[in-house]
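In what comes next, chain A is part of two complexes: it sits with chain B in the first one and with chain C in the second one.
Presenting the complex of A and B:
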């Protein structure tokens, strides 16, 4: 799997990239939506984009809308990973073209569960082992 | 106005902190702070603007900030730059702020995190402390605060009345 992690926080990009690396993913990072669009235009299309909402320059919702205007990027699976947990925000993101939504804080297990639902991760058994190393916490996120 | 105030309580703030710590800082081992570091604090805030106005603030003793950043980035504390530390605690206040925001009336917007000085009760915005929780290692707790900017609320209310 090839993935693009889009978040203005280097810390969060690192957490997400480590989680995806456990799954064997090849990960690229971008610090805002505009940089992410440039990455998509410049290289091979990844399978997955994990996208924060609140970012400078170009926010995540705008990125999703821009990406969905490009038919050649239709195969890109987009998951919002954000603190924006209100129902209407989730609805806006899904309407714009996001496939899934994960609310921060999340554990690696919660991320893997979402990826499994999208057909982008393997069994939960392996995921849980990996998640314990990354987060060490209990199940959370995704449904606040 | 009062119903929003009741939604952000010490209990709800503590619950959010517990969830954040469990997700990202469970591996954090309390370390004894050096006495000369104890006096230094880092404060990060996010502003909430819209149907409810205020701030969410986290104040870290310097050692706690470095330990948190090290735990999130999986770096040794000595390998961290100041920028790493600010980014990590900025992300923590962003997450705590986002979860506080989800308790508030909509619509509201969350600002990007800012490293700042401690907020004060007095000032043009009429800040009122709604909740305060000390969380984390007992020797270096992080203090989370939620402030309501009552004067900004008032301004928005007046504007709304004029518009009607």
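Presenting the complex of A and C:
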């Protein structure tokens, strides 16, 4: 798996990158939405982007909207990872095209659970079967 | 070998020996997270000290706590993902087709802990099976612990608990804010009934269930108890009903009352018809 971690906090980027590395992911980092967009334009498309909401220059929600305007990036799975935990914000991010949403603070296991839901990490028994579609999954938007 | 690697190797051997649980080599990251609270509770300074104590002398109580901490994962929604895929793709459609005339469905989460498993089933039924509208659907959750049953009934969960595998779309749809935490909406709570129940004692008369979820419970029993529980479960299932066990569990070699069926990377066990 290849992943892009988008967060203005260096500490948070490093926590997420290390957790993803445990799963064998190859990780790139960006400090705001605009840098993330240019990374996507410049290189090969990753499988996953973990995106903070509040960042300078370009916030996470704007990044999601911009990324979803590009049909060639359709296969990119986007998960918001943010302290913004109000339901209307979650609903806005999902409507804009995020596939999942993880509210800070979270444990490494919570991150792995979410990746498993998205078919990007193996389950506890070590198997890996992408395409899980559980309750509410149909409405999660993003054209996945 | 580093001390963490030594500890992990010892722990894997212990889990295998005591609980027949094969912990993956890639699960080293669980060591600190799961065992540090146990060490702290016992007044020990580190996980290494805790494991040293077990290396020096066998101690049933401490061993059980370590095994529980490493194997219990009760706070996760749609736990392990695949079993819920099996429910969605095969088990529920099969039972719904079979019960179409009676329009009744009964599901039992037999070690429900704080209720996440049964609420996950309720969400799955609500979002994925609109054809159940007008059916009588019985959703029962039981646990040995009355404290857990009370928690399950309340349906209140912290942000950290919610984070464990609950799809964001389900959070927004089936929960409401409850102070700093979250609560299952009343409409969904109303559909779920929770009670205390000891699986190891003879079972009282109940309705017959279409599905019994008995996941990660048998691992705590000896073979004789496992056999009894599996037989009781078969009698409690409707003809052709399904038993769902944890990924490391199987009725194989204990009873021949079930037919294994593989769906979505999960094996479910269908009660043989008498």
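Quick note on the criterion: the second predicted complex is superposed on the first by the 124 of 144 C-alpha atoms of A that agree within 3 Å, B and C clash if a C-alpha of one lies under 4 Å from a C-alpha of the other, contacts with A are read in each partner's own complex, and residues count from 1 in each chain.
Everything below uses one rule, namely that contacts are C-beta pairs under 8 Å (C-beta built on N, C-alpha and C of every residue); 3 or more make two chains touch, one makes a residue touch a chain.
Keep in mind that what you see is a predicted model, and the values were worked out from it rather than measured.
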Tell me which partner A:113 touches in the superposition: chain B (first), chain C (second), both or neither.
second
Between chain B and chain C, which one contacts more residues of chain A in the superposed model?
C
With both complexes overlaid on chain A, does A:96 touch chain B (first), chain C (second), both or neither?
neither
Looking at A:11 after the superposition, I want to know if it touches chain B, chain C, both of them or none. Which is it: first, second, both, neither?
first
Contacts for A:85 in the overlay, against chain B (first) and chain C (second): which applies, first, second, both or neither?
both
Which holds for A:105: it touches chain B only (first), chain C only (second), both, or neither?
both
Which of chain B and chain C A:54 touches, first, second, both or neither:
first
Using the superposition on chain A as set up above, list the residues of chain A that contact both chain B and chain C.
85-86, 103, 105-107, 135-138, 140
Chain A residues touching chain C - in the complex, by the definition given at the top:
22, 85-87, 90-91, 93-94, 98, 100-103, 105-110, 113-114, 116-117, 123-127, 129, 132-140
Give the list of chain B residues in touch with chain A in this complex.
19-24, 26-27, 69, 72-74, 84, 87-88, 90-91, 94-95, 97-99, 101-102, 106-107, 110, 112
Under the stated contact criterion, what part of chain A meets chain B in this complex?
8-12, 14-15, 18, 54, 56, 82-86, 88, 103-107, 135-138, 140-141, 144
Flag every residue of chain C that touches chain A in the complex, lowest number first.
24, 26, 29-30, 33, 73, 76-78, 80-82, 84-85, 88, 120, 123-124, 126-128, 159-160, 162-165, 167-175, 177, 247-248, 264-265
